[in-house]
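Next come two complexes built around chain A: one with chain B, the other with chain C.
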Partner chain A sequence: MGMRRREFAAAYLFLAPFLVTLGIFFLFATARAVYFSFTNYDLFNAPTWVGLRNYAELFRDDLFLTALRNSLVFAAVVTTVQTFGALVMAAVLNQRIRGLDFFRAAFYMPSITSSVVITLIFLWMYQRRGLFNYLGTQFLAYLPLLGVFLLAVALLQAAQVLYERSRRLPARWGDPALLVVSLLVAAGITWALVFYGVIAPREVRPVDFVWLQTRREVPGAFPGFLRAPVPLLAIMLQNVFTTIPTFMLMFLAALQDVPAAHYEAASLDGATPVQQFFYITIPAVQPVTFLVVTLGLIGTLQMFDQVAIFGNAVPLKSVITLAYFVYNRMFPGAQLPEVGFASAAAMFLAALTLVIVLLQRLFIRSEGRR
Partner chain B sequence: MTKIRNLLMALAALTLSAALAQTTVRVQGYGGGDPAIVQRLIDEVIGSDLAKQGITIKYEPIETDYNAVLTNALSAGTAGDVFYIPGETAPGIIATGKVLPLNGLVDTTPFIDSLMSVYTVGGKVYGIPKDFNTLAVFYNKDIFDAAGVAYPTADDDWNSFADKLKKVSQMEPDIHGACLPADFARMGAFAYANGWTPFQADGSANLLDPAFRQAFDFYTGLVRDGVAVQPSDVGAGWPGDCLAHEQAAVAIEGAWILGFLRDNAPNLQYGSTLLPKSPNTGTSGNFIYTVAWGVNADSPVRDAAVKVLQALTSPEAQQFILEQGLAIPSRKSLADNPYFKQDTPEAQGNLTVFDGATHGNVLGFQFGSVGTDYMTPINNALNEVMTGQSDAGAALQQAQQDLESLLQRSQN
Partner chain C sequence: MSAATLPHEPRATLAMERWEARRRWARAGIVYVVMLLFSLLFLGPLLFAALSSLKTDPLAYPPRIAIPQLSPANWAAAARLGRAGARASLWGGFAPGADVPFELTYFVPDGTEAAPPTVTVPRRRPGGGLGAVQSVRYAADHAAVVPPREVGREAGSATVRGEQVAGTFVTYRVRVRYVGDGPTLDHLPIDAEAPSRTQAFVRSTLPPTRLERLGLVASYDNVAPGVLGYVFNNYRRVFEEARSVTTGRSLFLSWTASSFIIAIAKVLSTLLFASMAGYALARLRFPGRGVIFVLVLFAQMIPVQVIFISNYLVLKGGIFGLSRLWGQATLLNSLTGVVLSGLVGAGAVFIMKQFFESIPREIEEAAMIDGTNQWQRFSRVVLPMARPALGALTILTFQGAWNDFFWPLVVLTTPEDIKTLPIGLLTFRNVYGTTGDWGLILAGAVMSALPIIVLFVVFQRYFLEGVSYGGTKE
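Moving on to the complex of A and B:
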């Protein structure tokens, strides 16, 4: 008995540093915030109990409803795109190709770069005379050349495949060997047409798409609560860019455990790489998918830093998320902090996160089918 | 060796006695470029005098969001004994009840009245303005000379001013007439010139007032007509950048541009003049930006803190700030300072900014309890119109609606 008790004591002794910090900075802080959310506390005057008034007011506040819509759209889009993107990238990097280590390191770079620095760089690229609009302009200018090139590739490929089949040889539409020939010949044809002046890059007006300083929402045909403001879209793009590599690493670890024999057997049975991806890779990494989606949802629902750094470059209403709303009400203009109201918003965010994560458990099981 | 040892011992003795007798006063202000100057102000100008009275200053600049940090520190009881009170957030900071009323402790008569009013609530004075700034027109003389256009003057009205900018902008495609940000903190001065004010008598705001609309159209029109450009569209961070790199002939800024030009464009030939007048009212408008020093009501060393505040706003301290080209002193008596008589662009620029405070319709850069949130809907409208996404009517309609809900919410 004494032995057991001593073991318990030792265990708690080792846990103590963690339990103390958890108790002070998490349990105590949360309990206080819960209490404040039912009061009109402003940091300077003693709090008075107001019951559920703060919560009721949340839903009468336009800015809060906008923040809620933005957060939900952001979480849904970013979690979906980043999970799928990370899985595809992991599958690619799981191949035995030349220079694999380089690609693994290069693809991971965005995740270890400071989010502040990346946000500042993206802010420049989103300017009206920035990189994205420049690339858009170039694309439009060279569109005729691109069109001719793609048309030539398609025609050449079709001609070759039909010729092979007429000789009763097996040839798929995307046959790589034939495709190489098609690409080279098509490039030659395009170059010749440009050289003889048959086609030329177009004179186009520079793309003047406003990424940041706009209140436009897309897609315009959707009802309001399903639309995403353009500046929020810009943040989504940047967020996906930085989070994909981290999740890619998790998928990569899971993929290393998938026996190569499965893929060999599948390819012997004639499964294409795409079929292998959907029927072997995705089921095999199901537990990791659960983890990635859970972490992704929690991370995206709490997104704060990128909104804060975009700051005055974008209209607040277009990018405000729930986490930023809490901060915004904590330090409003030139008046006392609305601690009670902000705490209520924070509690709502916590509850919302919990519910969404529980809901997604219904759709993605944490254990793979065995 | 002995010499060094003696010196060390003397130093040690000095430190010890200082530690016994000295009262330490903690001073908090902005980060960024300020700490270097304030530290020099403390070390070179006011430090030794205070040391004789047994007071040492510990300067603690705040690098992040000043308002958020100060609010937290005030509520936790960890704020400095003396700290900055920015004009635009003053109502909130004073409302905390943690700022000491200075009536009877500091003589407020030497300070400019319009500045004092920013920090006076219910007859009580909560801060002593350390300095102020207004807007002025800064122009590149070489560009105007090359284009053969007369410099802007204080007699210009909006139309003649726009004509000059238009002629300058037609000279070369890469040189724009002016560099104008989508910011109410600039455009608002033109609305003030028209007699418009941010709040009506009943506390409401009216952006649909023709006086506001006309100023809005004039300001955004310069950009829509290609006479002026937004800084972000020429890869500049702010109009000072445009002026320093000769991308624009004119920038409308405050005295803070002077130090920037000295460091970034030392050879730039520039001049300065008052903002152009409204053709309707025949007068100009302007903002007064100001920051004050305040004393923490809970300070354990309150008497020493008041002394430090007095030293920080003394004529000597203000003379130093003025000559550093940072801001304009808040004391009336410095108006005929010999510094202003110098014929350098910098001294003349300071003089123009100083004169700005007393010419035309001048209002403090302060928007009641909503603070700078007031500007957000207007800035959105400016942006949308300047980038051609919306017309002024629709943009202002939306801005008015947003502003009304903002004001409504702050009154609850």
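Moving on to the complex of A and C:
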């Protein structure tokens, strides 16, 4: 009896610091946000109860609807691209080779640096005379050379494969040994053609794509609700860049547990690498995919930092997200804070995150059972 | 393929084996190349930004990798000039007794007469932005320019407006002396104006910071920089130009200090409180345990946008007036506020609970027989065994606190001194980004990332373990 009471006291003493923090900064905070969302409150006058009016107002607020659309487009595109990209990269890198640790560390570098540092660097590269436009210019200038090179690779590879097949060796179209030869010879041919002046880089006008100060939406051919503003696209690109490595490493850890015998058996049965990817790799990493999609959705739906850092470099309407909308209403600069309205938007964001995560859970689970 | 028929033909088998071996080698080669390309893709922007942070203007077009700051010849010249300026070959300067020689070479086409350039020491403010309010001492007030003297002449030809023109390369040496006694100055700027546009500037001891008025004026921000002062000029500017309006202290230093204080305090509190709570949840039996565990899971799902509204108000009131006990009316704009509101996170408690559940109970039971109390068992027996988990938690917490942007942005607004590095960098971006002064922003960004990168290189294992705990979110 005394023992049990002592254990009870000890437990709560051990838990006390955590419970106090949790109580004040999570439970009380959540409860208060729920309460505020039903009131009209500006920090100076006492809150007045308005029922569901804030929630109804949300859907009449243009900026909120823009933020909602931006957040949904952002979450959908980024989660899809990063999950698929990370999985493909992991499948390519799933080799037991020396020096894997070095490469893992290199890939992981963008994920450990803060969002501010990465965003500042990207903001700099997105300037009109920045690196992205420069690389675009170079790409256009060297396009003929690249075309010749790729054509040469394709022809050489085809010729080699046909020759090996005539010798009754089982050469595939993408055979690595032959590909190495094709690549090297094609590089030599391209270099020789440039050297003798047969082909040359084109003179092109510098690309002057406006990434930031623009209201353009892409792709222009799509109906309005499917387009994304160009500055939001810039943030998407950056976000994918920083998250792919993390998720790739999670996939890679799962893939290293898949017995190599599965791939060998499939290979003997004549399955192509693409078939192996769809029939072995994807089913094998099902639980990790679930985790990656969940984390991705939560992270993207609550994206804030990038919007705040891009700041006045872009039109607010083209990048505002739900998270930034909440912050913006809580601290609107010169105006009075709309605490109730901000709380309603925050509750909506929380509910949206929960619903979308639950939905994808249902979806991925049922996919897995099939 | 008819793999089954091949073993009957020995030569075919040999060919097949060779074929397979060749394939394996080629595949390994391709994998390494692909990995290198991926590394380049992911490290490229960071490395290129770090490199460009040395440039005078990181937006110079086209972007170059071979920059003057990386040339050993320029390092030697900068060290020599730094010694001449202040007997400091590393950081340079302009001190009493200085006599700085500087050479400029011009191309004079045949048929025109060579004339020395006009060299002046301008009263130029080193940078604008946050440093614009400081009082500045100008090198111009202490410097005397000894008129340029011709020291070399060499016939040659140069391309002028697309045409090859014969002429002479004429080199002039100018000396800048420190007159009398006075303070040591950080910078010695000079402007060298050519007598006419036909006499074209070719090169000088150090490359000019910029060419003005269509190449007529070669302008130098500092002709006595010292080698580090030359290469890391933007980094020096980060510390020296951005100063607090009220205290005059370097903002970047204050921000770094804030970031370290918050991160270290959070790591310590998290380690202690999360392992205590995790231990209780994993080992002790008490009513309410299930409820608390559900709350732990629930707290991890609440977006920060929901809780920050109330938390802001709680800190504003000093946690229900508690902070008045130590004389703070409000915890807004105070590091204490940021630390107290993030003493321990639910995620950290979850990690420690999972870990303690993996430790066998028997070890503790042996200690129990020895008659130790609960706290002793925890602190002397269980905690030392938790070192791997505590390591991963330290890294995760430090990284989370160091990189945290949203909450400090809400709590720390004025004065500038109190900010942390991430939101301080936002200040940099707002102040210097509009004027296109990216050298300073990039240098600040690189420096703020350094502690994490060093930590990563040293404790890589823990970072990668952090991934397996399910993401690196705090």
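In the analysis below, the second predicted complex is superposed on the first by the 333 of 370 C-alpha atoms of A that agree within 3 Å, B and C clash if a C-alpha of one lies under 4 Å from a C-alpha of the other, contacts with A are read in each partner's own complex, and residues count from 1 in each chain.
Note that in this section contacts are C-beta pairs under 8 Å (C-beta built on N, C-alpha and C of every residue); 3 or more make two chains touch, one makes a residue touch a chain.
Fair warning: this is a prediction, and the values are worked out from it, not measured in the lab.
In the model built by aligning both structures on chain A, chain B clashes with chain C.
In the superposed model, more residues of chain A are touched by C than by the other of chain B and chain C. In the overlay built on the shared chain, the residue A:Leu19 is in contact with chain C alone; chain B does not reach it.
Once chain A of one complex is fitted onto chain A of the other, the partner contacts of A:Phe139 are absent, as it touches neither chain B nor chain C.
Look at A:Phe222: by the touch rule set out above, it reaches neither chain B nor chain C. Contacts of A:Thr30 after superposition: chain C is touched, whereas chain B is not reached. Once the two complexes are overlaid on the shared chain, A:Gln213 sits against chain B while remaining clear of chain C. Residue contacts after overlaying the shared chain place A:Arg129 against chain B and chain C alike.
Within the superposed arrangement, the part of chain B that overlaps chain C, taken from 2-10, 92-100, 182-190 or 254-262, is 254-262.
Residue overlap on chain A between the chain B contacts of one complex and the chain C contacts of the other covers 43, 127, 129, 312, 330-331. Across the complex, chain A is touched by residues 65, 67-68, 71-72, 74-75, 88-93, 95-98, 182, 232-235, 366-374, 376, 379-380, 383-384, 387-389, 398, 402, 405, 409-410 of chain B. Those residues of chain A that touch chain C in the shared complex are 6-8, 10-12, 14-15, 17-19, 21-22, 24-30, 32-33, 36, 43, 89, 92-93, 95, 97, 99, 101, 103-117, 120-125, 127, 129-131, 134, 137, 168-170, 175-180, 206, 241, 245-246, 249-250, 253, 268, 291, 295, 299, 302, 304-305, 308-309, 311-313, 322-323, 326-327, 330-331, 339, 342-343, 346-347, 349-350, 353-354.
Put simply, chain A touches chain B in their complex at residues 43-44, 61-62, 127-129, 208, 210, 213-216, 312, 315-317, 330-337.
If you check the complex, the residues on chain C that touch chain A are 1-3, 12, 15-16, 19, 22-23, 25-32, 34-35, 38-39, 42-43, 45-46, 48-49, 52, 58-59, 61-63, 269, 272-274, 276-277, 279-281, 284-287, 289, 292, 295-296, 298-299, 301-314, 319, 341-344, 346, 349, 374-375, 378, 399, 402-403, 405-406, 409-410, 421-423, 425-426, 429-430, 433-434, 438, 441-442, 445-446, 448-449, 452-453, 456-457, 460, 463-464, 467-468, 470-473.
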